[in-house]
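In the part that follows, the structures are each spelled out as structure tokens.
In the two complexes that follow, subunit A is the common piece, with subunit B as its partner first and subunit C second.
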Partner chain A sequence: MTEARPDGRSANTLRPLSCELGCLHAADGSALWKAGNTHVMAAVHGPIAPRIATEEHADKCRIQVVIPTSSSSEWEAFLTRILTSCCCTQLYPRCILSITIHVLSHDGSILAAALHAAVSALMDAGIEMKTLPVGVTCLLSNTDILLDPTQVEEDESASLIIVLENSDADQMLACYSSNSLNQSVQTILKCSVVAARVSQAISAFWRIAIESKVKQQCETIFS
Partner chain B sequence: MLQSHSRADGRLLAQYRKTTIQQGVLSKHASGSALVSFRNDENQDESTSILAAVTLQVGQPMCTAAFPAGRGDIDVTVSSFKEDDSINISVLQSYLQRTLDVCAQEALEDSISTGEDNHYHPLLLVPAKAAIGLVVTVKILQNAGNVGDAALLACIAALMDTKIPCREHGISLDEKTGRIWWQPKGYDAERTKEGNIATGCRCSERGETQHKMRFPLLPLPVTVGLYCSETSELEDKRRNWLVDPSSAEECSMSTMITMVVDGHAPEQILLLDFCPSFGENNRICSLRTKDLALVAQIAKARAEELKRILVA
Partner chain C sequence: MNNNSRLRYEIDSFVVPGDRLGSFFKTTVPGPGTSARKGHLYASTAGRLSIQQQEEQSLITVTPPHDFASRRVITVGQIVLAKVDRVSWTQAHVSIFATETGGTLQYPAEAIVRREDIGSTVPVTHTTNTNTANNKTSWQVIEAVRPGDWIVARVLSLGDTQRYMLTLAEPQLGVWYALSAKGGTVMQPKSWNTMVCPKTGVEESRKCAKPRC
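What follows is the complex of A and B.
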């Protein structure tokens, strides 16, 4: 029997989600992503010409992710690679797309929230993407697989984030484990199946967020 | 390469370069050291060589839930012999730190017989006062691809070569000067002086002053590259796997997967990292369920081979 989690959720339940698009007027695209008490803001600047000529690619756009508050450059490299593969970079040659991510409130599952905030900001900026990557953090406890863990839960057990393409368990785009998993491959595959079910909710939530933003803009223009 | 199933350096797709591990290469200057090389017999100039050295420092212990009295720590520093834009030093350092934290947490030693039912971390000297910190310095001597695996192997081999002071001798901390004192063999360590904090213990009957640590978890890595071509009509034939990629091959991979398994139980996965590469191939190549199972089998076989080399 699954033990009750400290915040009363079941093992497969995500925390309440919130996404505010266009919250920063100075950026080309921005988003404030909230998952429970984890708040992450992302700002997109670009596509613009790079300041240093050696930074540009002749045939595609270069994406740069900066997380000022993070001491791990692995997260920046991880997000850069995922977003580079998901964006249509060949549409913006010789340009640079800079994504800055600020962690406003830290309560677990930061990397997944940062990914979702970055994707939301890219959608707000109108950047064309091949696919929407959805990240789900899975905590491997002794008894069960817990989704979207809080900081307290992450301190007690190992977790890994699985990034899926098109919410398909058989299309794993990326994976990052924060600590020693000490699990078999079957357990990790089980995580991807559980994550796929939940990721459909995140994709649907994105649709609702974009629709509400477009509706609000239409009401403002035609009012 | 895909049609002939052989690579530019003459290897097959599932063939590793020759792995050599030499421990104790810096025995005069470091507590533990190791030199790891991934060498191609046909072209010995193109080899990946990593040198790792372990030195000891004494400092404040880290108190955790598992070790309330405190435990030691492992810190990693990475540098390259010459400038190389293909290596992201900070990312490599973070990866090694994350993996070696596993060793620091799980390191074991026979508990000190203090009469109390306490389990002390092997790097702990004086509970809540002093512990040993292992500083692992990694130097990339030559890069011909797969630096992550070579660096982690060098760190593990250096840690296995490291000797730490035997705690079965008496250890006392002089709080006035902040100095740690090790009692020589034959002393009865059950004495407490004013201003000193002494741990009660018996002296070693073997007369050893240093010994090696035991690691219940032995992290052994394998990196596999996945290349997706657009030429073949069959989905399976479009996906091509190759192990131990060289520098040139790393640039053209669609996805790079690094799996760290436990050398004592290779079916247990300790770390799993994979993400799309910045390859010239612009296709998204996601991993399927059977791809992950295949990589786990490759990792298990490689771990058994690496363990044989390490123990030999």
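What follows is the complex of A and C.
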């Protein structure tokens, strides 16, 4: 029996999720993702023609992730790689897709929340995607693997984010460690097994959030 | 066995990107909003699943709920609305403002219309037995379009990293809005290669777009 965490959750329980689509009218797609007290907003502009000609690719779209906070270039590169592999970039040649991510409230598992906000905003913008990347943050404690840690828990131990496909939970897209410690392959595989079970719950929540947005739009249009 | 039973989701059900819709058969073809990978059909956009029956094939499509920015992308073969910025001997530099399918672009895109892509000065219906090898059969750029004109053109290619390439070499493509040089009023097409100012009666050479009903 695993001991309860500071907020009363068990080891493999996620914090309450919330997703609001289309919250910004100026952007082509936007989303506000909440996981407990971690709130992240993402805005998608595009596909648009780049201001500088050298920024474009002749055969595909270029994805640009911007997180306007200090020391986030590593996160930007990580998210850019994942989103580029998941989006159908060849459908939008010579265009640029700008994704701006704002961290409104930071209480742990920030990179997973940023990924989910960005993907939700991309779906709101109507960008075609091969698959939805689902990020699950795992905390490697002494006795157990804790999912979706808070900031207090992350400060105590090393965390690891596992990114999986929604269509095939066995397919791992990426892995990112919060600190410089190199995790063993056994640890990563152990985390991915736990994350695969939880990723299905996040995918199901995504479906509900998007479907409710679509129904709301249809009611607005046809009422 | 009908195609509907091969799908993993009911028709008109809601799907999200990455959902496996079914197997890829000769009779089942991926349409807009879907993609084929590893012998399976996957949804690539969030929307309602639908099937369009064609002759011997079923086109699986996912219809998104509303018009997206991603529909406003310029693709080869699209008809676009552009404004002529400047003209040289070899080409006309234009700015694309809207596409036929996607509507207004967020930012104007630069494009060029080369002299050889404007089309022939001999109309399509004109047939003659005389040798036209010595006759001038290609437009001078300045006679076809002038700065300030609004043109309807087709995207010929995505061009280089600088600009798109357009063509006017079809009857329905060409100038559809132009102001006269002297009067400054909107000119009306008199024939396929002439526009006339209703105020002054002055004729100007243009490659006019055939009116589309």
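Note that in this section the second predicted complex is superposed on the first by the 213 of 223 C-alpha atoms of A that agree within 3 Å, B and C clash if a C-alpha of one lies under 4 Å from a C-alpha of the other, contacts with A are read in each partner's own complex, and residues count from 1 in each chain.
Basically, a residue touches a chain if its C-beta (ideal position, glycine included) is under 8 Å from a C-beta of that chain, and two chains touch if they have at least 3 such contacts.
Bear in mind that the values here come from a model prediction, so they are computed numbers and not experimental data.
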Counting only touches as set out at the top, which of subunit B and subunit C does A:Q64 meet: first, second, both, neither?
neither
For A:K130 in the superposed arrangement: first (subunit B), second (subunit C), both or neither?
both
Looking at A:S192, would you say it contacts subunit B, subunit C, both, or neither? Reply first, second, both or neither.
first
If we overlay the two complexes on their shared chain A, which of subunit B and subunit C does A:A77 touch? Say first, second, both or neither.
first
Taking the superposition on A as described, I'd like to know which of subunit B and subunit C A:N12 touches: first, second, both or neither.
neither
Which partner chains sit in contact with A:C95 here, subunit B, subunit C, both or neither? Use first/second/both/neither.
second
Looking at the overlay, does A:S157 come into contact with subunit B only (first), subunit C only (second), both, or neither?
neither
Of the residues on subunit A, which ones does subunit B touch that subunit C also touches?
130-131, 165
Quick one: in the complex, what on subunit C touches subunit A?
14, 16-20, 33, 35, 37, 42, 44-47, 64-66, 68-74, 105-107, 109, 158, 160-162
Using the touch definition from the top, list the residues of subunit A that touch subunit B in their complex.
60, 72-74, 77-78, 81-82, 84-86, 89-90, 130-131, 156, 160, 163, 165, 168-185, 188-189, 192
Residues of subunit A touching subunit C in their complex?
28-29, 44-49, 51, 53-54, 56, 58, 88, 91-95, 123, 125-132, 165-167, 203, 206-207, 210-211, 214, 217-218, 221
The subunit B residues in contact with subunit A across the complex are 65, 88, 90-91, 94-95, 98, 101-102, 105-106, 217, 262, 267-278, 282, 284, 286-289, 292-293, 296
